[in-house]
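In this document, chain identifiers A, B, C and D correspond to the written order of the chains, with residue numbering beginning at 1 in each.
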Amino acid sequence: MTVTREDKPHLTRQHVLQLLREMLRIRRFEERSAELYQQEKIRGFLHLYIGEEAVAVGVMQALGPEDAIVATYREHGQALARGVSMNAVMAEMYGKQEGSSRGRGGSMHIFDAATRFYGGNAIVGGGLPIAVGLALADQMQRRARVTACFFGEGAVAEGEFHESLNLAALWRLPVLFVCENNLYAMGTALAISESETDIHLKAQSYRLASEAVDGMDVVAVEAAARRAVAAIHAGSGPFFLECRTYRFRAHSMFDAQLYRSKGEVEAWKQRCPIARFTAWGKSSSLIHDDDIAAMERDIAAEVQSSVYFAEAGTWEPIEDLCRDVTTPREAR
Amino acid sequence: MNAAPPASAQRVTLTYRDAVKAAIREALQRDQRVFLMGEDVGRYGGCYAVSKGLLDEFGPERIRDTPLSESGFVGAGIGAALGGMRPIVEVMTVNFSMLCLDQILNSAATIRHMSGGQFSIPLVIRMATGAGRQLAAQHSHSLEGWYAHIPGIRVLAPATLEDARGMLATSIADPDPVLIFENVLLYNMSGELAANAGAVDIEKAAVRRAGHDISLITYGGSLWKTLKAAEELVGVGIEAEVVDLRTLRPLDDATIMLSLRKTRRAVIVDEGWKTGSLSAEIMARIMEQCFWSLDAPIGRVCTAEVPIPYPKHLEDAALPQLPTIVAAARAAVGR
Amino acid sequence: MAEFRMPSLGADMEAGTLVEWLKQPGEAVKHGDVIAVVETQKGAIEIEVFENGVIEKLLVPIGQTVPVGTALALIRSAGAPIAPAPTRAAAAAPPPVAPAPVAAAAPPRALAGPPAPPVGFKSSPAARKFAEEKGIDLGTVQGSGPDGAIVFVDVENAWRQLQAAPPAKALPAAKAQPKGIDLAAMRNAIAAAMARSKREIPHYYVLHTVDLGPATDWLSLTNATRPPERRLVLGALLVKAVALAVRALPEFNGFFRDGRFAPSERVHVGNAVALRGGGLVAPAIHDADRLGLDEVMARLRDLVNRVRAGRYRSSELTDPTVTLTSLGDRGVDALLPIINPPQVAIIAAGTPARRPWLIGDEVILRPLLQLALAADHRASDGHRGALLIADIARRLTEPKGL
Amino acid sequence: MTHDELKRVLLEEIGNIAPEVDIATMHEDADLREALDIDSISFLNLIIALRSRLGVDVPEIDYPKLRSLHGALEYLGARIRNY
């Protein structure tokens, strides 16, 4: 594949600071979420993205406002990186009607029409056919748009993964499949669930252009995503991007992590995408300590303000229980 | 109720299959966003020949053959609907729809709610249902009652030519997912239809025959057996009212209860199994809303609790039939 | 063994609904006993048996509508051998089960049996609710539903019956209707019969005025010494006079059927009785020509009371051989009636009123009555009609001879 | 028996022969046979019932005195013992 200069990230100081800021926002937001979960402010399942921030942030750099995103139940990172307001995401996790889905979805079901953010799908593999359909609509309506579909490597074992890759390739649909390979489907390691653990090869078998990238390197992810989106726009059909990453936290809040060693987790933490990127930025003199201090201050304020916003939010009246099941007659 | 065509309208003779096809063709002509997608809908002409000829007329993009990937293409239909299209997805039979139940239940029916009302899914899914063609236990079941269990989707069972012709247009106009169940035995049913027949409502049950002694509540392929049974019941002095549910979800309670309050007795004829079924649901609602108007226990004529067997005599014995409907009605009336 | 069949109670009757068995298997019946009540479009009608014997078996359950001619019960003739009584086990055995889904199973209900015990009887929710609203004791209601369950219509009928014949102490509700009379159906029946009559029967009419003085004088004298229960009304005199007159002129007494007139040996005078609220029926006083006046009066009163309660017997409705209609209480001078087919004559009386009347050469006030005869020209001629009406008039002037 | 009791009995018996008539709204001076649309036999039934309930034997010659509710009450009242 030929990659033009325009498809590469421009690592200006401004862009570098932006990448860092977006990853930090996710990190600090989720750290606060874990705290709020333990205070029982947030309930249900809470799946944290900590450790994987580079994937969401990197891929989003390649997408424009016209593009669509389909994500999974571990989607706070994508939502924030896509530009869904932190207030709306936090209020959603509180279950308040000021949340992005009026509180009806919670942590796993963040939707936002304004940013074409189509969830928040908590069925492993369930989002892939939908992404195919969104892309089909764009193709049939001759719109040059891309649908980015995030999913974990656990989805690879689902039939919908194979059906969707086949359909997308067969119909040459503009889908960017982003596999967040964090090595564990809940507690089941890739090696004990797949005969072929090199996932992007599976995509190749469906004749999808594919690439595997270091998911702990935000610049590498951004570069790969830009190449992929350019290829899609060039009309070569869907693209499969495998991002090799790792989640530092448990699968969800109630997980003893019996399936992996502390040593393994510690080893991956040495590759923390934020720490690595910060170190690189500093060494390249693109990031300074006071930049980081200011950034941390701003983000702490934003997170705190999202908590205030969610706390001040209102509960939907019980009389409205059955709303949003089908479209009200008067809205048709 | 069904929009009645003007009395002067010219009438044409056609089959149920033709009526469905005419509805699809009209939808495709009217709206560029509409397309038909499913297994063998294009080159093969549709498993039940419903879409035969449409490929030549509308091309492969809009008459879209899919691989055998029910979950994939139904999910793609959901996504396309989210992306502004008006897909008609055909699932070959309801038995195969188990493979895409995830997409129907977990996505189509929930996204509007999960998104706090931000996204609707204007998707139509058509599928064949029902037994009677010796297709055995993986092609003959009537599982529409399961779908009627699910909030967030609308479930239709067109039994007449008018409904086969008219329900699709209304369903496409509906902003939410609509499932249309076409009974396989009806495809060859022939009759007269107004040449200008068009959209019909998808809200109301229809009283297909008025009577005052008992309400026979049914839908889909069982409607015609039930109407025959009603004629036979006249011979023993029973005037049965036949209610065609048409819309299985949401159920038109008002029409059902109005009939019950008049007749005070009912038999439900449903090709589904009894256990945990739509017929059970209707009985329960009658108990909830009409208990003090009842003169007899509600009766049911359903499919025997067995996977549909292949041999003709056993298949017939498993299904609701004229004599069993008549016997159930007589038992309820006591004549 | 004789079969007791659904009788044809009228030219327009095709079927009837059994609403009550008044006799049960094992009970002796004799000719003329009322053994069942049948609902027709003209109301609930008691039907009689024409056999002597013992009820062997009831064949039609309550609530079932059957065509005319259907066997309703089996009656073992007096002296015939007794069929072995079914054992309890046999009676309780379920009907043979046909291969379930394909055979039209007979409706599973006992056809008849001993009266239901007072506790444990079945009653539907609708019946219970209505009974509670109307204060009706379900134990007094006969069930017509599956397995003899009391259903809504049973309680409704019981309620109507109470309305029609309320207990002396209770004030009846307004707008009561006699049990089982469907006025709309009755109106249809009248319409059909009268339209047929006007279409098919060439009517001729003969009018005559009678001096009622002797009759009214005689009535006053007679009633003055009688308690109310034994008093006579003018209607009874009219019945008797008509009965005797048609016996003398038989071409007015009988039926025109299948293109010919068949005179009747017996004289059954039908009495048109208007129902309160509309409609009318004309049940007969049987053999009125052979009954004494007191007996005619008693039958007339009984008939009117039963008609207004909605209960009359099958034979009373079907076999009048001639009909009398009187609007004597409504103040009209006269009316020209329409023959009730297949009868061939009907006599109508207006209101007795005091009017000038010539006796000898003197004009004096007398109570006068206008009589009208409508007769079928296929069976009789005007001359004979004139003789008939004159004969009735003559008999009314000689009330002692009635 | 009071006037009211007598009236109640009379109305009950009238109700029995003309159940559909709303007696409560009937004018006291109305002609009973007209207002109730009753024939001679029904009227005779009323006379019979009044005799059994009140012990008053109304001879035929007095029938005209019972033409109205008012007249009937007056007539019967005058003939009842313990009135």
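Points to keep in mind about this one:
Basically, contacts are C-beta pairs under 8 Å (C-beta built on N, C-alpha and C of every residue); 3 or more make two chains touch, one makes a residue touch a chain.
Quick caveat, the model's predicted, so the values are computed rather than measured.
Here the chain at the heart of the shown protein, by mean C-alpha position, is B. Which two chains touch most often is answered by the contact tally, and the pair is A-B.
Taking each chain's centre as the mean of its C-alpha atoms, chain B lies 53 Å from chain C.
Between chain C and chain D the centroid-to-centroid distance comes to 29 Å (mean Cα coordinates, whole Å).
The distance from the centre of chain A to the centre of chain C, with each centre set as the mean of the Cα atoms, comes to 90 Å. Centroid to centroid, with C-alpha atoms defining each point, chain A and chain B lie 40 Å apart.
Residue positions of chain A in touch with at least two other chains are not found.
Touching pairs of chains, sorted by label, consist of A-B, B-C, C-D. Note for the complex: chain C touches chain D at residues 163-164, 166, 168-177, 219-220, 223-224, 227-229, 231, 233-235, 274, 276-277, 300-301, 304-305, 308, 328-329. In the complex of the two chains, the chain C residues touching chain B come out as 15, 17, 61, 63-66, 99-109, 124-129, 144-147, 149, 151-153.
On the side of chain B, the complex with chain C involves touching residues 236-237, 264, 291-296, 304, 316-319, 321, 323-324, 326-327, 330-335. Remark: chain D residues 11-12, 15-16, 18-22, 33, 37-42, 44-45, 47-48, 51, 53, 57-61 touch chain C in the complex.
Across the complex, chain B meets chain A through its residues 33, 35, 61, 66-67, 69, 71-85, 87, 102-103, 106-107, 111-120, 151-152, 154, 174-176.
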